[in-house]
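My structure is below; once you've seen it, I'll send some questions.
The letters A, B, C and D name the chains in turn, as written, and every chain counts its residues from 1.
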Amino acid sequence: MKKLINTPETVLDDTLTGFAAAHPELTVDREARVIHRADAPRAGKVALVSGGGSGHEPLHAGFVGPGMLDAACPGEIFTSPVPDQMLAAVKAVHGGAGVVFVVKNYTGDVLNFELAAELAADEGIEVRTVLVDDDVAVKDSTWTAGRRGTGATVVVEKVAGALAERGADAAAVASVGQRANAASRSFAVALTAATVPAAGRPGFELPADEIEVGVGIHGEPGRRRERLRPAHELVAEVVATVLAEHTLSAGDEVIALVNGLGATPLHELYLVYGEVAAQLAEHGITIARNLVGNYVTSLDMAGFSLTLTKADAELLELWDAPARTPALRIG
Amino acid sequence: MKKLINTPETVLDDTLTGFAAAHPELTVDREARVIHRADAPRAGKVALVSGGGSGHEPLHAGFVGPGMLDAACPGEIFTSPVPDQMLAAVKAVHGGAGVVFVVKNYTGDVLNFELAAELAADEGIEVRTVLVDDDVAVKDSTWTAGRRGTGATVVVEKVAGALAERGADAAAVASVGQRANAASRSFAVALTAATVPAAGRPGFELPADEIEVGVGIHGEPGRRRERLRPAHELVAEVVATVLAEHTLSAGDEVIALVNGLGATPLHELYLVYGEVAAQLAEHGITIARNLVGNYVTSLDMAGFSLTLTKADAELLELWDAPARTPALRIG
Amino acid sequence: MSFTLDHQLALAWLRAAAAAVEREQQRLTDLDAAIGDGDHGSNLRRGFTAVTEALAALPADAPPGELLTKAGTTLISKVGGASGPLYGSALRTAGRALPAPTADLTALAEGLRAGLTAVQKLGGAAVGDKTMVDAFEPAVAALERAAFDGFSLREAAALAAEAAQAGARATVPLEARKGRASYLGPRSVGHQDPGATSTALLFQALADATGR
Amino acid sequence: MSFTLDHQLALAWLRAAAAAVEREQQRLTDLDAAIGDGDHGSNLRRGFTAVTEALAALPADAPPGELLTKAGTTLISKVGGASGPLYGSALRTAGRALPAPTADLTALAEGLRAGLTAVQKLGGAAVGDKTMVDAFEPAVAALERAAFDGFSLREAAALAAEAAQAGARATVPLEARKGRASYLGPRSVGHQDPGATSTALLFQALADATGR
């Protein structure tokens, strides 16, 4: 295992130390493991709080700032944070107008945020939750853990953050977040496996000419293994998979995110984006807004995910609203 | 070789296609292989033009836009662009106030930009050049190719771009760029080698516990091979190496860039930044501004570079001036 | 050798659990890497290290329920992931259900049944879904049967450990329907569930503690 | 067999060069990967493919100098990197120096000496710096000597090819002082310079063309 770390045990603390040094415009409570806006709490503003396991940077701390999140709670690598963190975050940013959690749909995240919401309720703070579940690699069913939350998280945090910034109430903020999630579908392909520092070796072994298709962001293997093919063909499969689980038709507009999983060179992501744009155009679908880069990563995994969010006037307007965060600046 | 590409021969064209689709706010001339501001030429504004081999994304195309470059010329992977490209760029963005080239110090880049400057002169357009040579892994000497240009390129393009945006003349723009370069030193460490698509395999083989120290950004091996050590120790060596070739003393301020080489997870870069900040503080040096992320990459190489630019009031003021580019937005 | 669960035995149990987790950390992580995200060992290790510290702060006459409750809240506060809230709620719920100052086998079985119910309520998993429930359920059932049949706590704990272990092994051929392994669909078949494996460790720790 | 460099021979030379580059592309790239950036083979291949196309567009009576000049400007426009401007300027300068309609051995040697001078002026490399100059210089010197000694163009070209090849081999033990390999310092020792290797190919192509 080759990593720029000190010890597997201190990765999260050391990363937070660096993040705090790099972003003096944010407040980093290293004890409580909460990153929040320096101007929090803002009276009368709905507080948007997210969090999840670390190893997906810039998610979520990189999206804290005006126009997006009020606070983020980073867990250990690939491990959901604990309820105490969310409670500390809630207390730090709650401005009297309620709190909205953005939670990626993983058993651990869901349970810990649920417990945190109970703790907050005990203190008289009402919390609503937006559950993000966009990954079509997982079949949605009440008998399973349900679809995973991946790339759509960025879209949800952006539009819900924009609406919260404007002074909307908690119900409206949660509702637009849920709407953005419902309008989003994602799918990911990995060229290499991720290595969790504490595990010390890659989550799976992949031959030199094979890829994992339908991977998540926690280093787990995907739905199946395939031969690596030219980008054009690979993107065709990914686009078809996403569209099959989407409600898009010719004439529709989307927000498209071509997201690197952590170790993918940017030029490859642009190349993939070019294929995505051309292939969507063949379906009569227009990309109204896009992001190309590393936004929801999986440590040192090489590969990409595609997220398509069906756009409408309100979502586009919220997307274009100003955001000033370490990893995303719009407007 | 595992890459999200179609064929090694079409990597550059396919990447440009994707970049053009992702950034409709810029003009991408795929025939001439030039990316330039959509509002070019701007009458009376000094035109700032850069370029170099591809594989270093977001450099340089990602820094085209208001406040930074007017145009960028991408060469083949790791191969300097050809004079025809620079000439086409000059013609597209020259607004009558002269042109300044930002050239990284590699024989190929220097020669091709030199020939381009001659071609431009033949057409009556005066070109000045800022040569970037910040990499202290290479000893500076007239008997050698001289220090390489790496991370400082971002700083040079930022401050020279800001001054050009304000309407300064070509001599002043070139001069501030040269000053920023002279105030900058960099050093890089690689955990894995880069694979050039056309070569099909990594530039060097590195055992599982070893790193290359003093690498450049073209996949070449470094000055020596070492054991991978904890980030704290590794950063101490890098900081010491940079400081030894710098003129910094206690009380000085710097702009610090902790730059990923392409396949390094962001959380590791933050962790490294934390070590850098703490260790510089021990030397009495304050980081006035910072960048942490992938800015000057080397395809799929894992590792990082550190660039320290000695700051002064003028450089900081230009650093803080607005920039609106795909990869860097300030202000 | 204890006939009921008192302060000493609860302490010995939780310490034995911590030691087992420490010892088996890599194996748990490897199992999790195969069908999950490779953190189960370090998650539980972090949690039980904190549990050991937290228990040291309790008074020497604290009833066993208080120890279990403390262990549960500590796991909730320190572990994260799926296993933190699940194991944490199980122990907290069980601890709250136990009588003071000591609990006999029947009370222990009832308490752990309540803990299991909490796990199932939170996580929605049934036996056969390839989760910790697959080891937890047979272990609790073994305790209940042993109580009904009049076995000693020590005998009951040994039977429960065996049942948990068998339950964990039985997860190998299953296709996961809950937790991360469910994302793999049919590819989850052929691997033992890490959570069921750690549950077997926890019941083995109880058996070891009663045997001393 | 030609006694002077005419249109036919110049065309045959450049085509043989293109074929050699195509054939040896991987080797050139591998050499460059060892002490450079692994693109010398694909650089020259791209360049000489374009040269072949550009030459096809020239009239059948174009003097050899025009062919070399065209090849040079094409390399400058298509290759990039260090080798593009260097080889491009070498051929362009040589081409401009050649008399029309044909060039004898003395004129060819003079033309290529001018080309080499252009390379050295642009790149600042001397013999021993571990660059293409280490093959180029002895090859030109061999042509000059052969012309002085009254050898035929065919004999001279064979001698030049041999000298270039020897010069390329002699770069192995050198420490590079120019080009990317110089970044490696002492670690550049033990590898043959890719540019010197391709220069040897170009002179071998001339020898092959004169031998037909």
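Here is the rule we go by: contacts are C-beta pairs under 8 Å (C-beta built on N, C-alpha and C of every residue); 3 or more make two chains touch, one makes a residue touch a chain.
Heads up on the chains, UniProt names are A, B = phosphoenolpyruvate--glycerone phosphotransferase; C, D = Dihydroxyacetone kinase subunit L.
Quantities reported herein were computed from a predicted structural model and do not represent experimental measurements.
Trainee: Treat each pair of touching chains as one step and give the shortest count from chain B to chain C.
Mentor: The fewest touching-chain steps linking chain B to chain C number 2.
Trainee: Counting in whole Å, what is the centre-to-centre distance of chain C and chain D, each centre being its mean C-alpha position?
Mentor: Distance between chain centres: 75 Å.
Trainee: Where the CA atoms of chain A average out and where those of chain B average out, how many Å apart are those spots?
Mentor: Between these chains, centre-to-centre, one finds 29 Å.
Trainee: Centroid of chain A to centroid of chain D, CA atoms only: how many Å?
Mentor: 54
Trainee: Roughly how many whole angstrom separate the Cα centroids of chain A and chain C?
Mentor: 32
Trainee: Taking touching chains as linked, do they make an open path (line), a single closed cycle (ring), a hub with spokes (star), an all-linked set (complete), or other?
Mentor: line
Trainee: For this entry, which pairs of chains touch?
Mentor: Touching chain pairs, listed by label, are A-B, A-C, B-D.
Trainee: If we count contacts the way the header does, which residues on chain B are in touch with chain D in the complex?
Mentor: Spelled out, the residues of chain B in touch with chain D are 8, 53, 75-84, 106-108, 111-112, 114-115, 137-138, 143-145, 148, 196, 198-199, 201, 203-204, 216, 218-221, 223-224.
Trainee: Okay, in this complex, where on chain D does chain B touch?
Mentor: Counting only chain D, the residues touching chain B are 29-30, 33, 35-39, 41-43, 46, 76-86, 122-123, 177-180, 182-185, 187.
Trainee: Of all residues in chain A, which touch chain B in the complex?
Mentor: 2-7, 11, 14-15, 17-22, 54-55, 57-58, 62, 191-192, 208-209, 211, 228, 230-232, 234, 262-275, 277-278, 287, 290, 292, 294, 297, 299-300, 302-304, 329
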